[in-house]
């Protein structure tokens, strides 16, 4: 496989490079391939959107980057250095890489107040930095920006609504002023207004400080709005990736097409337009295309899986058609 | 099996009422039962009726009477003892008890080299004169020898014990949990931690009337009391004196009370302890400082007898005319002053080995405070206290003493001879050359009258010198059911039952 | 079928009393799908939880009535309400990870709930459980049934929570943001499933979401909540395409759909009022673009505007 | 965001602490427990004012007196006033036991969380060592300690704390094993927080509940242990008044002089109960969910 | 999992080795000379020397230890100084009695303690909660000698329902020896009389012994249950119509069990060696008394043998406890 298209821009530094990364879960005799031979890179300043079916390995992808799971195979480089050395995670400079977890409730310590929770990541930093970033003004400003209020600071997580907890998690990720943030469905629990607020905030910060995001979401409009590049995952495999514009306007993979068409939107009434999966499922074989089972366009040829290949500028697709 | 109807009183392990069974409650299980090994008085209650000895204590007295031996004589120099045996004594397996068996038994004891061997270390040779005549050659004159033969370790063991020998242990392992004697009873069942059962030895010369005797282990005194009241047990050994009052009120129970030879005393460390204690005046002052009367009341609810000299009442050699210290605070104070012992602080060592020691220690502390002596209590684990006694690391220490055989030697020579410093007996670390000389003289004479006179003389000296505070002779108190008859208490055989002569109604 | 009248819920905290719900009135009719939308923290989940009497311990229902088919749920005994839970009224919880028993296999959890509500043997329950998993588009249901929640992705857990709630199937399904973690294709399938349930089995659905797209897809009627109050309600089409309350309007404008990526989204400026000290007038007044004097003084009540469309706003409107 | 140098935000804000106090006060049962314990402690402190007797002076003439106006709880086998001895004994028994258990619980909590959190060799070594401590007969350990450190009350306390540690280690560890897998701990790890801070801030507060419960239950046991050690010469030497010793000497007299063991038992029960109430209360207060 | 069990069993050797070594050293620190205990009340210097030599106490301590370990490898625990019998024989006699008592006591404690704990949690701060608190606290804070004696007084002395002492009626033959546990053995051999008799004997001591454990179990279950009752998934279960015992046990107790099982494991081991007082009060022929006597006597071989037994017991029990963690919370990794 060639990465030519993605490596093309020499003038930009690569934050993440993944080469043939796999993550398998072994359970008894069954192996779950949560992530299969994934190769991609994230450039500094990119906002890479990760979309895909539920259970397709998006969160796993993020977990590998922050050291919560170690890869079964392959190599991940962070700014040119391997992230994993012999299944030991090499921590980057503290506070540089932050995450917003998909599951905000359980990622908040139930016995800490919101203030303690938000300030917690600072304890990985030097004392000086902690003083600066943990100053009261700074904190207040931050929580206001994510739409929280000062009086919430002394409350405990269980006293909040789902959306409020999500915002706490976001504030916590932002407090160290990281350069790379993994956002796992950061706005799924937010109402549109707060979502707008948070998305604006993320965008602003990115602009201000040239941040890089890995943005996991299933909301295509949000992806379209936020991301510069998009990768589509299906059952642990990247089936398509490219610049956002290009991908949205010219989806090549049948799964991407279905994804884009099933977007419920109240702007266009698009019920009828929606493209569906194949009427009948066909069980796939060892070598077949990963999407063979449900692909509306499958043919004989698809019984031998396609490779990810370059189609047009920076646009890669794994499909024979 | 008893009936299990659960209808109340009789369902509990009730065999107390039954005629054929005597049940004795004892507080602890036994260790080894091998007469050649055990030095533990409490084991004797099992072994004593299971074995016979050449001579036996006579009824309630500490003198001996013929046992297996029908008569005996001693050479003039006291070094050769010759015994003529009764015929017809048989071990439980039918083997005859003859001179060979006696020789084998004592030689076994000596070979095992344990505590009992030490008692018999004077024996240099044992000879079989004829089938029923056996003689002992002693290394030196040892008048109490006869007395030692009546003790438990004089029990004659079936020579067949060697059939049970393992790894050259001379059958020790087997005899630890079995009996092989010619006594009226033999051990037929031992449930560790629960009970020991004796049944009649069919071969025994004297056939007793109670077919089965159970020694049950009931550690808790209060439980024994309840069981006694319900008639579940016939004899309760473990009821502490504080609870005795309540037993008195039980109708079906008789309370035996006799002075025992168990002496309770305080060792005053006369050479290794506090400097001041080296002065006899200080020691006398301490003896004057104790309120003996109230001590007996507080510690034993009155079930004890004041002492008169170191040899207790009931043993020959006891001198009823001896001087006994009594509480005299002024005298004590002036003695202390004379000795120049001001602000004296002494440690009092004791352990939890005897339940009443705590009270005793507290009382002594309070008593001596009155005469201006500060007593620091030092309670330690029993094993530790033994080590400290051996090394003399104390000022005062509580202790009890009881004789193994019926001779004042047990008290006088052990307590006062400077050869026996430490655990061996002279626990006051008392050294007096004259006393040593007299003691040794008394120990080698075969003339009992002469010996008694010598012991009287020595007693006067040591009472004056006061290396021990002689507190009291504990009474032997035993609740026995009215249904049990014929029990005779011998002070030398405390805790041992003359089962062969006892009956039950 | 379900009627909430005048519901007030307070939370006692040591800082003071939080008035989380104030004067909530809403109805769900037989076979109806009602959507609740509103800002995060506006009391949507609290409303749902009060229906099943599952509020946190520090909550007080100080006033109001929740009647289900004529029975007031708030006065039922513990036993009586338990016969309603799951069987008559079921609920999909907002946060799927914490809503599942962490140390029990998901299949087991699901079969047990099925057995609670249908008279079936263990074996049948297992089959039903597999089918239910298939219904919510879990690939390889036999396998997933044997997994623990922590081994599943967020979306999978959420679908299991949905399957749990639909096990009975209930007469009324309260779905609290049931599709937040689902990708669009599966979301679509799940919504279809719910619609089917609604159409075939006549299950009414109270659908809590903030995704206006979803609302437009499935809901017959929509209720908009703000700061613990209902501020607008009506037929979905009307509410979404002809919103009357400034807050509803602002919500719709905040959507990123089709927005230019270079332009900031139109978030509503300002913040939700402190629920401990509610303002005297309209709760939205401080953020409203059309604020008037009266808004700050007096609270507007939900008043009928036109065919089933109610609004709580002082603004003049035609019709 | 621009950075301002400002005073750092306080980690344990005043509000939080006063909230705890508030909750403690609102928890009636805790207050009941605190009052009972407080009364016992005050009575112990002011014992000389409350009773005319000396706890150690014996009065043989008055032994085994039943409860009366002169002797509220009767007298013991050498005529000392039991009420007086209970009051004076509280200083020793209750004080020592509580301190020993607090030490054991804190040390156990620390070791257990560290062991559970790091796992691997550290865990194996620590846990096998704990197995060893557990397997020792307490008596041997106490006797040896007495010999090695010399007999004193402090050493008795150390001995008790020492033998009690493994329980807390195991308890804390068992909770830690689960907590270690929880997302909030994992997220703290991703921040790069130092493991000891994670243990201190996230693991400990969340695993402390069973430790507190066990601790409040252990105090009674510790009081009796002190007595056992006393008998072996380690710890308080007679005639120092001490509850455990009073009970274990007095129990033999239960049938005849019931008051002797019963009143010390009653006080043991009261203190254990009060501590337990407080323990439950503290557990409640530490749990942010139980806001009332 | 198997690998882990195997590893732990290997470590068992290490633990036993460590425990024996430390016991050995400690018991040598303790002042007191076993020879002086054995040689009789009034042993003189000479006899002491002799006995010391006999016991091998005159050798350097490390040699003594090496000898001991050598014996241990062949299953020889040495000969008790006090009882003069092989330690292994003694322990085999006393161990089953203690084990039986401990197991039954635990059974009782668990059967009563767990439901009581759940009840107290569910009915927090109500009459039931307070009643269970008073009951359990009085259980743990009344020393066994006090409660034991009282129980004997009432049930034996006054009512006469149960025997006061022993393991089985003296006239009843103990059941055929299989496990050494009378209750089990008599059931196995169908010996109804022996079963009844031993049940009547064991009941009182087991109940008294269970008091302390009962309190711990109840309080721990209550505390952990309170935590679980607040969890979201518990609420979900209720909302889904789960109720009754199934809810409380499968959803509640199961997740509240880890700390409870932990204390059970620790105290079960402690019980095996620590039931001394109960055994004394009820004249139960178990190991506790044997050990305390041995310690008082400085009977090294007996102390060591006991320690070996107990440490093996501890390691095995705690191994089971540790394994239960993985079952109770599958998320815990090895």
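Details
A, B, C, D and E label the chains in the order they appear, each numbered from 1.
Everything that follows uses one rule, which is that contacts are C-beta pairs under 8 Å (C-beta built on N, C-alpha and C of every residue); 3 or more make two chains touch, one makes a residue touch a chain.
Which chain is which protein? Per UniProt: C = Peptide/nickel transport system ATP-binding protein; D, E = Peptide/nickel transport system permease protein.
Nothing here was measured: the structure is a model prediction, and the numbers come from that model.
Think of each touching pair as a link: the shortest run of links from subunit C to subunit E has 1 of them. The mean-CA centres of subunit A and subunit D are about 50 angstrom from one another, to the nearest whole unit.
Chain geometry summary: the mean Cα position of subunit C and that of subunit D are 49 Å apart. Separation between the centroids of subunit A and subunit B, computed from CA atoms only, is 89 Å. One simple way to say how far apart two chains are is to compare their mean CA positions; for subunit B and subunit D this gives 46 Å. Among the residues of subunit E, those touching two or more other chains are numbered 30-31, 149, 153, 230, 232, 329, 331. Looking at subunit D, residues 19, 143, 147, 181, 183, 254-255, 287, 289-290 sit in touch with two or more other chains. Subunit B has residues 222, 381, 384 in contact with two or more other chains. By the definition given earlier, chain contacts exist for A-C, A-D, B-D, B-E, C-D, C-E, D-E. Across the complex, subunit E is touched by residues 1-2, 4, 6, 8-9, 11-13, 15, 28-29, 31-32, 34, 37, 39, 113-115, 118, 172-173, 176-177, 191-195, 197, 214, 216-220, 222-223, 226-227, 229-230, 381-384, 386-388, 390, 414, 420, 422-425 of subunit B. Against subunit E, in their complex, subunit C makes its touches with residues 52, 54, 57, 82-83, 85-87, 90-91, 93, 95, 98-104, 112-113, 116-117, 148, 150, 161, 164-165, 167-168. On subunit D, the positions that touch subunit C within their shared complex are 19, 22-23, 26, 181, 183, 289-292. Across the interface of their complex, subunit B is touched by residues 57-58, 60, 63, 77-78, 143, 147, 151, 230-233, 237-239, 249, 252-256 of subunit D. Partner subunit D is touched in their complex by these residues of subunit E: 11, 14-15, 18-19, 22-23, 26-27, 29-31, 125, 133-134, 137-138, 140-143, 145-146, 149-150, 153, 212, 215-216, 219-220, 222-224, 226-227, 230, 258-259, 261-263, 265-267, 269-270, 273-274, 291-292, 295, 303, 306-307, 310-311, 313-315, 318, 321, 325, 329, 331-333.
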